[in-house]
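Can you read through this structure? Questions will come right after.
Think of it as A, B, C and D in the order they're written, each chain with its own count starting at 1.
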Amino acid sequence: MATYTSAALSLDCAEAALERYRQVRRATLRLAAPLSAEDAMVQSMPDASPAKWHMAHTTWFFETFLLTENLPGYRAFDPAFRLLFNSYYKSLGGHPVRAQRGTFSRPSLDQVLRYREHVDEAMEQLIARGISLELLPMIELGLNHEQQHQELILTDILHAFHTQPLRPAYAADTLADNQSSPAALGWISYSGGIAEVGATAEGFAFDNERPRHRTLLEPFRLASRLVTNSEYLEFINDNGYGRPELWLSDGWDTVCAQGWRAPLYWEHNDDGWQEFTLRGMIPLQPARPVAHVSYYEADAFARWSGARLPLEREWELAAAGRAIEGNLLEKWALAPLPAAPGDGGAECQLFGDLWEWTSSAYLAYPGFRTAPGAVGEYNGKFMCNQFVLRGGSFATSATHIRASYRNFFPPHARWQFMGIRLAMHER
Amino acid sequence: MATYTSAALSLDCAEAALERYRQVRRATLRLAAPLSAEDAMVQSMPDASPAKWHMAHTTWFFETFLLTENLPGYRAFDPAFRLLFNSYYKSLGGHPVRAQRGTFSRPSLDQVLRYREHVDEAMEQLIARGISLELLPMIELGLNHEQQHQELILTDILHAFHTQPLRPAYAADTLADNQSSPAALGWISYSGGIAEVGATAEGFAFDNERPRHRTLLEPFRLASRLVTNSEYLEFINDNGYGRPELWLSDGWDTVCAQGWRAPLYWEHNDDGWQEFTLRGMIPLQPARPVAHVSYYEADAFARWSGARLPLEREWELAAAGRAIEGNLLEKWALAPLPAAPGDGGAECQLFGDLWEWTSSAYLAYPGFRTAPGAVGEYNGKFMCNQFVLRGGSFATSATHIRASYRNFFPPHARWQFMGIRLAMHER
Amino acid sequence: MATYTSAALSLDCAEAALERYRQVRRATLRLAAPLSAEDAMVQSMPDASPAKWHMAHTTWFFETFLLTENLPGYRAFDPAFRLLFNSYYKSLGGHPVRAQRGTFSRPSLDQVLRYREHVDEAMEQLIARGISLELLPMIELGLNHEQQHQELILTDILHAFHTQPLRPAYAADTLADNQSSPAALGWISYSGGIAEVGATAEGFAFDNERPRHRTLLEPFRLASRLVTNSEYLEFINDNGYGRPELWLSDGWDTVCAQGWRAPLYWEHNDDGWQEFTLRGMIPLQPARPVAHVSYYEADAFARWSGARLPLEREWELAAAGRAIEGNLLEKWALAPLPAAPGDGGAECQLFGDLWEWTSSAYLAYPGFRTAPGAVGEYNGKFMCNQFVLRGGSFATSATHIRASYRNFFPPHARWQFMGIRLAMHER
Amino acid sequence: MATYTSAALSLDCAEAALERYRQVRRATLRLAAPLSAEDAMVQSMPDASPAKWHMAHTTWFFETFLLTENLPGYRAFDPAFRLLFNSYYKSLGGHPVRAQRGTFSRPSLDQVLRYREHVDEAMEQLIARGISLELLPMIELGLNHEQQHQELILTDILHAFHTQPLRPAYAADTLADNQSSPAALGWISYSGGIAEVGATAEGFAFDNERPRHRTLLEPFRLASRLVTNSEYLEFINDNGYGRPELWLSDGWDTVCAQGWRAPLYWEHNDDGWQEFTLRGMIPLQPARPVAHVSYYEADAFARWSGARLPLEREWELAAAGRAIEGNLLEKWALAPLPAAPGDGGAECQLFGDLWEWTSSAYLAYPGFRTAPGAVGEYNGKFMCNQFVLRGGSFATSATHIRASYRNFFPPHARWQFMGIRLAMHER
């Protein structure tokens, strides 16, 4: 998990900590606001979780890892919640079967909101009474953990609403793209050589971003923007889903077994292609980045294009040192947006819009070590059968993403806000 | 489905019809009253349905089969509900996948309640305006249909609450048995011979209870009461779940695959055997009838006892002509109760307490015909791989059960309120 | 299993016993003769078994139930076979997983043939030395058991050859039907009333055919012959596989899940419909009885025809007292044959050609009891989720079938030699 | 697949080519010699294939990629084999379902042997008539392909024999270890830095070994030998299979779902631990390398040891330039052997004994390109969800392995001859 050489560099005083704590916790409530108690309970597939569960589990994190041991006299809101809202941590004594989270009508959403208030009050006390420097990293971790679940609230409710026959919209569609053709696609050249990647010892980062280390890169080129819906349509219309030579073997098996013919939320009807989004079912927007494609699809599209996907270290080299700007959660677009028109001469969409699949398997950096205790069960346990994604999406907070951030999903996953940036070897 | 030779024998005037309509519809609301919107949405396994779905589907029946065609000017509450709350009827153009009913957060419980009010108002109009005699059977069918779903609301919420870690109780446990040992078990002899079984042409009955026909019975004996928890415990303690020679082959495979060691809701802890009930988790009551056993378990228990299960025609012969009295829904016991102490010289518990497994496969009576149209898809479609159960349970309304009533479930089903009455051949 | 009131009525002396023993055992070798060691090892689905296994298991029966206890000094051919070739009997201490019988390369076919010789020699000794009357029923049971497996050798190798890409033929196609249209279909009337069904106490019968008992029948009519391929084609061409209202609910689910569009071994190519048979792939013969249909298909076809399937007691009433004649194994046709041209005024094809689905669930007769010990695990264990078939097929020996014989399979099974005879209520 | 800058460096003349061709083809026959036709047909799980299939498929490769186009007048042995023995290549028009290879009794083993002779004669003609330099790489590829399947013949027959109740031995156990304690374990230090890895353009290599490229390594240490059975027993006895903190998340799920408690072929009985091997069931040999462990187990063992698995580039750096010597197929040990006693001061067991799991995901080297056409479907299709193994096993020919050779399997696979070498970061 997070490692610090000196304490509290990002949270330099209790006041700042308090402010950040309140901000993150409020953001969760804002995301949940459009949901009824019934909406907040849906689990439409085992990989997804109900919004109510996300709200409770993130709260459980603070109760379990901070309040119980560090706030004298703290009384658990409900002792049963310790088991109930554990997600994974085996060292904490088990947890309910993941696929049945959607059958929990109790505790109610009201109780979960009271649980949040109970924990928030205690956390305010804990921080206000002069928190020791050792606890700050754990608070920062809890807040970053909650920000991860904020994005999942959106990905999971989109899936939940898509599963339902009535297809409700999370938010009204007030968005006009004013752009029907994509910005020009350019290729940016990078010279390669020896570079450093990974998070430095300063500031917050997840354990899997460390240690920072040297790596060797061949010269390469990156596309100046994400692949658009209209470009992806060409792949579909060129029978991309029907040609096994374009696909990884596992990918082709998945295409056949699942009957994939388009990205997850696309539907074709008499009015042409439609896409289900957080703003409901809308006509496919050609200039927007293609979303909800698996690694298999990203890889097949790249092969069809005569290009490839970037390595994670190539992506990081391109992003390093740039300002964290883009179509991120704070903009509340709730959708990936077309790249700003331009000449393709500079990278855009690196942060925000959509997570970008890389061709790097999610593995440990040289010298990686997990933290001792339960928080060590965070990232290292998943280092097989996953690929790295980079850059965050429109559902990622600007206070959460950075150039060294490593997200990861198995190659068949499609329900996250994930897209494609192409790369190639420099010739 | 229901067949009538002359119209409206059980509903002799619009006023009576209206009264019965209101009574049944109100009973559904009473059953749902303890449930929150979240509770009413849980589907804890594919065979069960959310209470909200039961409430909407029974309403859909009246809208679809009565209002749309017979009430001039009727406007559907929501046209999407026609598809949404169809359970099965293929001739009505499809229905959502059954196993995903629990993911429907929309429509909300509030909307479903408004849907019920909308349909109730229209039904009152329909009935009040001088209903034609032809419609009465369909109303009666709709009400019996709703009463079937009333029982399912209870069986399904018990399963739903059992699945949840917090194990909520549907109702407070205010019940004292005042009886720790079972009533004496007697055997009642019947002489057999040619008898008539099945529903007569008078009054309401489901299609599968007809035609009434002659059948030949050997002399037999029926147990005077249901098998109790303490008797079933003897079977468990005699390694009943570990001896393949006691079981049907499919039953033994199920025992091994599912790890069955006791009835569905039994749990053994430091305080001994507990049972999860509508009144929460309580210590096993020895004198109560054993509930939530499959046909496989009922059959194995009977073999272990040196007895057998009754044929459905044997049961019907014993029940024919008796008053519909017993531990039925109107008593609101919400549990099967010990047989009244006695000398075992007379049948008891025939109606109510628990549905009784018979060894009769659920098949058509000689000359059986399904009704034309969609309502014909009611009972005949299920005539394979099911066994007949008789007599109703504590969750069955006294206005719904009768001696000829044929319930049916596959032999592995355990989540209904089902128990065991023994029989044997007369020696 | 078999029950006798007095011993040895069908095997009245050792010589006759020996002759019958040799005849049955030789018949197995004749059936296996066209198979290579590799052919004899194939298991193409869990329900089927390799021919080698059938040959060994039937031999195991004699070794286990006769030689071990009754022939002084008998030495088992290989002690490991006791476990290896047990099919089911739990009381004999376990058996290998059924679905993996096809992975047994050892023992080799040669060894199994030597095992048969070893047991045959010992059985000859046992019989020759003056066998006690008590053993004759067990020998008769062993021989009937082997005759059951003889039919399975053919049904299973047909499935095995169908699964293989090269589609080998079991026997050369030397059969000419000389008949392209079916014999006329007539309806034979039966008056019903009280009849006795089941095997009498004399002679060999399986336990499930007893006790003989009285039953009550309504007047009914039976079709004079089996349904033909050309009649079944009409059902297909009338979209029989696409109309849910014709099907049981489980049947319709199976049709959809399995993509059924025709009987098991039918294929449509540029030359029209073909059928894979023991004589290889041949053009569909219109006048032959339709084979390899499930209960679901038989039931749907009957409903489409405006008729129904017979009850097993109706079939038995029609067959009782008739000579065991027809297209049975001894004719070596290896296929069902067209009904002899006639006026439809008399039943034909009752014995042989194809097993006939009845609408009777496979359940115990009144007063049924299983035999004590391992042989009691024979027929009673399967009394759920199966339907009865009657009359034998072209693969059944004339010395094995009788009017009271009850075969049974689950309603989805299609790989046996099974067909359809229609029935209806007398109007 | 294989790429060449100049032709035929490893096959410098037709005579040498012929000699190598004969040698490889004879080796296959030697491996199959102990197998009966029935043995050669077993497929004990979908991932494995029957020996007969391996023998035919390797022959099919030569017929398909060499004879059909290059030998004028060549007549296919059987046109049906083109489809029948295609393993994977989608561009060649389909292939039978992999999991049903074990049901093919036809063609017989005899026919497959004749098929091999037919193709061998034609190949001899093709080579003898003055083969063009362009064909030599394809011949070399075909021979390396056959050598891969030679190893699979052994891994698959071991699994097949293990599945069978009689547990036959592939070869007699004539092996004495004469060593009950492992050689001393030492750690060899490597300084890291920039190194070149991958195959050079000279000589044969698979496509996935190229292009040779520079990489950056941190200083590291490698264990001097493989982990032994006795060391692995310590892990088991320390509850290694019961502690989730030692395992990857997917690994722990697999341990729980499969009930893993030891390597694949280990069994514990009254005489202690036994291991099933090509030489039958034998007592566990403490000094031999532990075999048949998955990546999950190798990774968990390494974590428990306080070490880690090597990267594939670390392994290659250690092996580069060494002679191809060790316990390889030509020694016919048919088992991994104890490391020669020594002081741990030098690497041993790098080549042969067991394939060594690395912590490197199987991915493309920078600049990797697949060959055009069907042979391009060889290695690139599998670049996801697999880990790289290095060094060959006792079942790998010395003429087939090299330092740059990349084998790969999914992390749950255990039936290959795979073991563990530890690594750690230089401190």
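Here, contacts are C-beta pairs under 8 Å (C-beta built on N, C-alpha and C of every residue); 3 or more make two chains touch, one makes a residue touch a chain.
What you see is a predicted model; the values in this text were computed from it and never measured.
Touch-path distance (fewest steps) from subunit A to subunit C is 2. Computed from the mean C-alpha positions, the centre of subunit A lies at a distance of 38 Å from the centre of subunit D. Spacing of subunit A relative to subunit B, judged by their CA centroids, is 47 angstrom.
The complete set of chain-chain contacts reads A-B, A-D, B-C, C-D.
Interface of subunit A with subunit B (complex): residues 36-39, 41-44, 80, 83-84, 96, 100, 102-109, 160, 163-166, 168.
Residue ranges on subunit D touching subunit A, taken from their complex, read 88, 90-91, 194, 213-216, 218, 244-245, 247-252, 295-296, 359-361, 363-364, 366-367, 376-377, 381-385, 387, 411, 425.
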